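First chain A sits with chain B, and in the next complex the same chain sits with chain C.
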Partner chain A sequence: MSSLPKRIIKETERLVSDPVPGISAIPHDDNLRYFDVAIQGPSGSPYEDGTFKLELYLPDDYPMCAPKVRFLTKIYHPNIDKLGRICLDVLKNNWSPALQIRTILLSIQALLGAPNPDDPLANEVAEEWKSNEALAIATAKSWTEQFAKEGD
Partner chain B sequence: MGNAPGREERGPQTLPRERSQFGDKLTAHLKRKKKEEEREKLLETRYTNLVVRYQETVDGGYLAPYGTYKAFPDYDTLVVKLLITERKLAPFYSPLDDFDETWTQEELLVVLMNNLRLFLPNRTAEDEEIDDADDHKLHKSQTLMKRLEQKQKLKALIERTIKQQKKEQLRYNHDRQQAFVSENGSTRYPSIPSNDLLLALYGNAIECPICFVYYPPHMNYSRCCEQPICTECFVHIRRNEPHPPHDVPEEEATDPESLISLPANCPFCAMPDFGVTYTPPLLICTGIQGSCAPAEFSIYTRNDLVIEEEEGSSKPKTRARAISAAISLSHSGMGSPRNSVEAGLARSSVDAGLVRRLNDGSAASSNTNLEAPKRRGSLAASAPGVITTDAIQPDWETKLMSARARIARRSAAATAIHASSLIIQGDETSDIDRRRLFRRTGSAQEQLAIEERMIQQAMKLSLLEEEQRQHTERARRGE
Partner chain C sequence: MSKIPRNFKLLEELERGEKALSADSISYGLINQDDITMTDWNGTILGPPHSVHENRIYSLSITCDASYPEHPPIVKFVSKISLPCVNPEDGSVMIERFSTLANWKRSYGIETVLLELRKEMASPANKRLAQPAEGTTY
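After this line comes the complex of A and B, so read on.
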């Protein structure tokens, strides 16, 4: 483990000592670059009261490149596709090494509260969102009910 | 190719055609060979420059990175070395993993003795990304051997570099030990920093907001939002790889000219054209182009700058003296364009902090009474004293050109494949028609021949794809 950069160690420690409300990120014992993440759906959004599981991986050149993040829980959202991949600028070209696991997860939580159907990743969902927002929100709610509320 | 017109002018009589062709080939070969040698030499210099040597020291720091990042950085080592010796960029300091302001001098010295290293030994030759990947995949038979050879050479070079760095570390450990125990240690090992220097550097260490380790407070500051950044993080920040403009997926980029490469943004405020400024410490000027050797540095030899801890009326006077000394020092010119009166004032509060600490931190002294450093405001990327990421990584243009060439090659290959499939199809234009044709009129033999060709084509494509996948995999693992 000597090769784990100090930054990753310190970020992990600080995530534990000063946790972000509604977000948890716990590294795997056998791979400290791999995190199990859970994000609470923001209140007032169709994802409210849901707990969404994600996986987060810190590549070798982190923090010079963005962490790889993916939803594991099925979610109905115009910027998240069937495979759980997320369309978010800070995970791609707008990544900055001054961002952290903490800030990235907050950005993802914010994305749940503010879907952006004009820059879609899941085209069908985005179409639905634009043509019949009420129905799309209802679908998102029912998916949250169905997939993001397992007792564990 | 450039020689062709010349040949025509000379005419066929002056030189037999074959011989002239042979001559062209020879010169081209020699040229290529020379270019290759130059490339190797450059590479050699680059890796030699990445070795931290404790005798190459500037203000208690070094000219090569510590190794916080596993991959060797990609910056222009000659430019950076020059900037550091000219005090235009902070030197690469050995970081501390942890730091506690409440440590006493003695505690801090013990921590420094036990933890300061020249480099972090976590690199192996396998880690290094070997570039080229799928550059030439359609002509692999011609260049494969050469590429393999180049890779071997690079690997050997990296191994040599790592070995050399280990030797430097051992030498440093030995000399430091000797300097510590022997009587005239400081004269025999002038580049080993004195305790005063170590305390002056690390007494007020601050954390780099990107790599989360502690450095002496004289950091580089972003030109736009004045955030600190250590030199090692700075040299790792570079442009994104050349990419198609927003909204065009990479696979669909066919027009090589559309590829763009944008200057790196500030990691803190996202301002384009990231650059930093650096103001060297006023009290510390040791090593290369410095005023004394690191071993000779003593805070007590600079009585003019020590703020005396007497109570009473003399205090403001000494403080004034410290400031004026600081200003006069800054005017004496250490190469930084930011050595203005203002900058002198701004830094002097930090330096006064050091002095106080060196006087064993007694009493909450004048430090806090000094004028709060004036906010500098943001500077343009072209302002004097600003070092941009492009200035230390000037190879982005070459990278853009080669990315464009790669796309051009790829689309040419795609066109070729497309054309060849058209030839196979003959007059038929649509798939459905073709299938109908097979069923109705095509002889069994014809069908077999066409199918075989299609299978061959598919195999060729999948082989190419697999090769590419392996390359990228290897490159990724190597990073």
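After this line comes the complex of A and C, so read on.
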């Protein structure tokens, strides 16, 4: 087993000792680069009161490249596709080694509060967001109710 | 090297398949675009030239269950084919007769399976085997 870089150990310790409100990230016992993540939907958004599960993986060349992150909970959002893949600049071209797991998760939480239908990943969702925003928000709320509020 | 988790490995494989980064002679993708578990895949192999398979297109189903990639996927031909490693009853690729599955490594993927099957089809021992009618399925 290769040892875990100090940077990852420090980030993990801080995620546990000083967690971000509304966000949890817990590494798997058998793979400390692989995290179970839960993000609370921001208040005032259609995702409010929902708990969204994600998975996050730190590739070998982290922090020279961004973490890999994906939603496991179904979500109706123009920048998140049916497989939970996320379109977010800081996960792609705007990644910088100065960013961290915590800043990435905060950016994802912020993306839930500020959908960007002009840079879509889920085209049908983005179309609806632009043509009938009220209906899109209602759908996002009902998906939150249906998929992001299961017991545990 | 750290171990890439199943889902992120499959996302990478999907991206290669979607962007057609792999060889021209094969293709693969998810059967259901919203299958968040990424379990059921379809694949195609373009029959290798200078063989009985030339110009034929073979469809396959590939199942990557929760044990993938620690364990190999379950691979079945949908199109009928005569090959020593394929069960003639149902088209399933028999693990013990196909070394890519028998000697499976975590670094292999769906692409490896399809390319190695295509090599089997082109091998001197197999390339002239009489084949079922084109377009028939199991």
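Quick note on the criterion: the second predicted complex is superposed on the first by the 150 of 152 C-alpha atoms of A that agree within 3 Å, B and C clash if a C-alpha of one lies under 4 Å from a C-alpha of the other, contacts with A are read in each partner's own complex, and residues count from 1 in each chain.
Going forward, a contact is a pair of C-beta atoms (placed from the backbone, for glycine too) under 8 Å apart; a residue touches a chain by one contact, two chains touch by 3 or more.
Every value quoted in this text rests on a predicted model; they were computed, and no experiment measured them.
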Requested in this report: Figure out whether A:72 sits in contact with chain B (first) or chain C (second), or with both, or with neither.
Outcome: second
Requested in this report: Answer with first, second, both or neither: which of chain B and chain C does A:34 touch in the superposed model?
Outcome: second
Query raised in the report: Touching A:96, do we find chain B (first), chain C (second), both, or neither?
Result: first
Requested in this report: Once the structures are superposed on A, label A:3 by its partner contacts, choosing first (chain B), second (chain C), both or neither.
Outcome: first
Query raised in the report: Counting only touches as set out at the top, which of chain B and chain C does A:84 meet: first, second, both, neither?
Result: second
Report task. Have a look at where A:11 lands relative to chain B and chain C in the superposition and call it first, second, both or neither. Result -> first
Query raised in the report: Which partner does A:60 reach: the first (chain B), the second (chain C), both, or neither?
Result: both
Requested in this report: Would you mind listing the overlap between the chain B footprint and the chain C footprint on chain A?
Outcome: 2, 59-60
Query raised in the report: Which positions of chain B touch chain A when the two form their complex?
Result: 68-71, 97, 122, 209-213, 227, 233, 236-237, 240, 243, 246, 265-268, 270, 479
Query - Contact set on chain C toward chain A in their complex - result: 1-5, 7-8, 11, 14, 30, 33-36, 38
**Report entry** chain A - residues contacting chain C, complex
**Finding:** 2, 28, 31, 33-34, 55, 57-60, 68, 70, 72, 74, 82-85
Report summary line: Within their complex, chain A touches chain B through residues 2-3, 5-7, 10-11, 59-61, 63-64, 93-94, 96-98
